[in-house]
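Per-chain residue numbering starts at 1, and chain names A, B, C, D, E and F are given in the order in which the chains are listed.
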């Protein structure tokens, strides 16, 4: 285990288009004990019920993350100066065998967690969050701040299938990984399968802030509410890129009209400083539906905002 | 004539990418007497003065509408439970002969109106609205809530041509199909041919709410004003997709910088519940300028919002 | 059971961009007993090991098939005049559960075969061919003329998985569905996993005509060889769109440099008249990787060529 | 009337991406008496029965023609050194009024012809050829070497409409503009509306060389046959970009599988030196279906090949 | 020198897709003494450190500007009625030799300035602003209202290189072309190379209004502040298209998440009437990264807004 | 210095879309002494005179090379079994300073050559070949087999500039790096700046096989001629992707109609076994002009074919 810090390649020396493509231009490491925060790809979309493609997400996010610089413009924090951060590669996946993938992904993240590192996962479809939570919340349930157009708490699809990208948080609650009373979902919207679709999550105690309620409350109140729900206990951030309006994130499987804007997302995330963060993911980037990379660029920015949150949170815990 | 209701294909059984592509995954019917609301394509762009393509609009909207679910997330209304709704196919059109198309489209919609059904048309360019209004307003003038970047009340183009997608509502007023004092236009903007371009519609009594006035008034006031103008008498909704900012609807013939956002459109439409609605259209989706389908997805969402309005309005009238 | 023939919508009356999108603009039927040839979509890519998307293939092929007219320009055959042909919809699929999909697809095709109809399937990835063959070859092994860049006779992937789009014909031979001595593969090429990758299929007796041998032999000799291998017994045609060079078919999961040209494909297929054909498929069209639809247009043309072969073959058998 | 020659902008001084976009980077002139060859755009697609867009063709061809240099690499001819060539702008068109456009286009080309200049038109859909022929063949019928996937000699569409892009050469023959016995069509292919679709042109004496016959004859024999049919009398060249295989020209309204290749087209055109050429067109480039510009680049190359033919032919006649 | 005014081609006569592509459909002139405002392209990206392409910007902006009409919808001003405005072509550039380009561009703009005309430049990357300022501010420093995601006041790149698109305004201040106390930058945002990156510009006295401060202040206060900073002295407007959020301007080299919206930009620009404007540019449109032209359409709209500002400012000064 | 061989990641274990993107999925090394063949990116387009973008080439080729497997299908050679091959990263480049880049690239390749390794460079524009040749041919002139649409032996551009992507081989001959009598250029075509453009290279003794001569000779004769010209002495292969027809390689700066096909390229390269190869490059892939990656996939295939040639050549020399 080293105490060495890792820096992105210096774009004032090596242009952004040069060199191998890694998350934030960071070095590639393999041992999670060498990092405080492990950025990891989960190139998998085994749970996708409609338009596939998130299996290609990590590579495109790596590519577009070369546009991100080192220092946060508002907080002036450079996560690389206060934590050891690196690209830990991709979790092992299997595009054919869903169950094996769930287990292999979990094992990979368990190694990270057991090494004492905090994972920042880049999906992958939203079912990826389940095995990550199985690793992160192995010891105790966690809270979650969840940005999404959809609640992802459906019971099953296609005649009883329990594991799809529409079900991960139902499973996570059933398995005791999430404390539903400490879960807040922001940006929920869009037509539903049934009029009672949100009854189950509400009954569990999840705080759903639909896009309509978001507009009524205003951002500052939403931030306060999210912080209230999450509290001081260990908390996970899950960011489905379709929380953004489809114009900001066309490259996703289930685009939902009338979502969050880029500036709202930045403000929301910047309102989450100094929580007790234990992991995060950014999921559902589907490159085949946006070869321009705009969606992946949004994801890379969001990942950087979250990285700054994780680093600050972690640096304070460790200090 | 049946009293049977029609349901979209169940996406919990048949995935959204499977099966034939119809509006909202509804069954295809041919007899308008079997429905309360007839969703109809008008694959025609004979009136287009610049970039063509809306003739391909209905197919792409059908395709993208497979992403829409059954129940409105805010009102909890499922239009399919309170009205008989189906895909009635496409109006007959002729890409070469403008006059014949105008007449054939009118006849097709007259059959729908005479059967007692309310049409929801998916265009097609905006000249399509004229023959539809000739059917819908055959008995008496109607009011109109009109979302658009352009007033579409020019007198003529290219040396006296009276029928283009820039003239439909001038014709409709001249023909007594629209009561201009009950017409409100929302989202009007962009450079104009002349400084007096909006004089004629204003003189007729049309209430133009430019994007600038929209911003000053605020959405709630705009909704109140639109409801005031339309009143309780029969009203038509016409939604030109270019009312949206071009980033939300790049696939259109006359994109106009600085338009409405997706969330504003949703709020505006949701403010129009329980009017006396007798028909509607969503027009100017031009797939060749947006093969990604994002524009058509926006149109499908807007069509669903309007469908909910029509169904609720109709259910109340019939009850 | 009817004796009625079905015609595509008349494009001299209804323009090609109008009306619902069905295979070859044919009517949609549900009972296979009403047709001699059933065109069927298989919107499924559960076996895809790399770039996904063929689940969206049937819809895009339907759309692009609206460009195909009724009569073959060389043979002057109109398949619709000599056989009853219709669009029988999509086979039931499940994007999450591979095994259930294999079984549901098989059942669907078994109904077609048992009704006495010949299936022409539009995929879907190449694993789709396996359940189709289980239906078509239920009674006895069949021969196969197989166009592809890859032999698709790998044993397993990702640690022993037996069912992927790289393995269908190994399984089909093991299950006795294909008579390997009556199988010819045309267009095989590209780098391989190992030097002995083609040993197994060659040992079974499959006749592999690589693109290099194709060039040396010339088309006429290849046609003679394919006919010799297939012989007079029941024969299936399987056409993986990646048999074409990637410039003709960029929308596919495993594009392989230096393949067949469009004109070669036409000549090859036209050399297969009057075989004893019992079914066919065209697979691996992946719309997300070619939103322009060029790949699907190629597939639609190939499907029409095969449809003419099937119709002629069937008409002769029935006469 | 000047005797001045015009040169393209020197790309060794002004880079190809700089400066206004004109055909071949030539100067823009307005008086046809100043040129021997007038390159003219016809931004019109009023005759298009399916996918629109050729109205945008001239601009995109102008843009891509900036890649063409001055001298033919094989013949070493520079057309600009032996003839006065310039960009004469666009013919007047009307996207709404078909008949007026036909007349306005004819008048524009009549002025060119009457000034003694030879027109090289860049379309526009194929109906554009009719008014051009009315100008070019006003004095006597001409022969034609016609590259196309389709014969374009249909009688009528959509219930008797005589003027579409599928009918121009039937009209031209009826009007005595074309001598059908001096017309050769190369590259004809694709499914047909009826088995007797080619009877009428054949009965008139048109020599149709289908793509299949092209392959059998070989290029050299096709060139000989085309020259034999055209003979020494005044001849027009009409090049529909869909003569090319769709991979070379995806941006067109009616792409037809299995067409000519780029190298075949170059060889064919280079076989037509020293005919008695009186005009030419390159049509059916539809930019909305190929924003990359590849189709327009092909058209620009073909236009340059034809320009060299026209210049050489004209220089000899004048000398 | 003429007193003649120039009008855009009348789109009620010649459709927007017809004719040569010039800025705002204006005539092309060569002598700056004939105009009051010279719209000029700068097809150059020699200073680009990452994604290239702005060399292609002027042509695409010309093309998309054909969608702009003559009269400002809010102010009812037609710039063409109060000033002589034309397309003066492109500045001479050299894609290989940076220093020569800087000098050639400066000379070109010096001729315009010396002729008494005001330049409106369409770039080109942001380094283009430096030689323009050398011309415009030759006699005295100017103030600047600068819209951008980036301050562009870095000292050097890649080991001491002083001239890149990240450095122009540092050079301009050092050279005394800009009075930093009269410079305001609006829309600045995004991660930075270092925590002190904005120290230098702030020390010079530049007023930086980051996107975060913009949100806090509100548009009206930002306009007041910008007007206060610029004052009554000669002022230049520089608009980097990446000031817009990437969804409005994906076609640019350094897209920066969470920027200005189209409506905000319109409101900001309309707040700048009757300043003492001496020149302007709109830069960093990179067509290869947005072949759809949406970014160029945004730039054309912004250029028209600025043109109206320049014309009104100039007309008042001259009156 | 190791004797260890390096293998691509096993795609039967880790799917092709997973893991970091490197050339051929090989490990990344930094010391050229550890390899026999160094695959290196040159992300630089400083010499580009028209459409830029090859600076982004290496990353896209790395990405698409994940589709290439280990073993050559015809020769059954796996280069990784007979040589040590790895991804040595990118040469240092500078997008602003041409001269420094030329020197930095040279130094980087000199280290490779001095370590005894053979470089396979992935460009980058064609000027990249010059500094590579300065390294590879430092000790003595080399021969070259050069695939290209253009001779790239122009003297200068834009008023005397000696270093552009149109001049590298003139410079290389002048500097004594190439023995022009051992240089053969294949695929040369397209319009030229002047009638005598090819005089200089021919006078030097370069053997130019234009596309027209290629067609006349036939591939086998071309191969014989290329081998005759190159002889047994040290030889370099330079492959400009625009040697391919634009349909196979649209993503390039100077697409030239009517080029080589994919199958011809494969046959040509396979005809070059067992030459005395000392280095190679594949250049001019410009991702912004082909975001689909088809061009890069072609380049990856060509690179693999050349890699097999290098490995076989090297293994024989070493044995």
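We take it that a residue touches a chain if its C-beta (ideal position, glycine included) is under 8 Å from a C-beta of that chain, and two chains touch if they have at least 3 such contacts.
This one's a predicted model, so the numbers in the text were calculated from it and none came from an experiment.
*Asks:* Which chains are shared contacts of chain C and chain D?
*Replies:* Chains in contact with chain C as well as chain D: B, F.
*Asks:* Report which of A-C and D-F is connected by more C-beta pairs in contact.
*Replies:* Contact tally favours D-F.
*Asks:* Could you tell me which of C-F, D-E or C-D has an interface matching B-C, in the sense that over half of the contact pairs are shared by residue number?
*Replies:* Within C-F, D-E or C-D, the interface duplicating B-C belongs to D-E.
*Asks:* Would you kindly tell me how far, in whole Å, the mean C-alpha position of chain F lies from that of chain E?
*Replies:* 40
*Asks:* Give, as an integer number of Å, the spacing between the C-alpha centres of chain F and chain B.
*Replies:* 56
*Asks:* If a residue has to touch 2 or more other chains to count, which residues of chain E qualify?
*Replies:* Where chain E meets two or more other chains at a single residue, that happens at 15, 17, 49-51, 55-56, 94-95, 157-159, 247, 289, 292.
*Asks:* Can you list the residues on chain D that touch chain C in the complex?
*Replies:* 49-51, 157-159, 188-195, 197, 210-212, 215, 245-247, 250, 254-255, 257-259, 289-290
*Asks:* Residue numbers of chain D touching chain F in their complex, please.
*Replies:* Within the complex, chain D touches chain F at residues 11-13, 15-17, 67-74, 76, 78, 247-248, 261-263, 265-267, 292, 294, 297-298, 301, 304.
*Asks:* Which part of chain D faces chain E closely enough to touch in the complex?
*Replies:* Per the stated touch rule, the residues are 14-15, 17-22, 28, 41, 43, 55-56, 58-59, 62-63, 87, 89-90, 92-95, 291-292.
*Asks:* How about chain B: which of its residues touch chain D in the complex?
*Replies:* 45-53, 55-56, 94-98, 100, 157-159, 161, 163-164, 288-289
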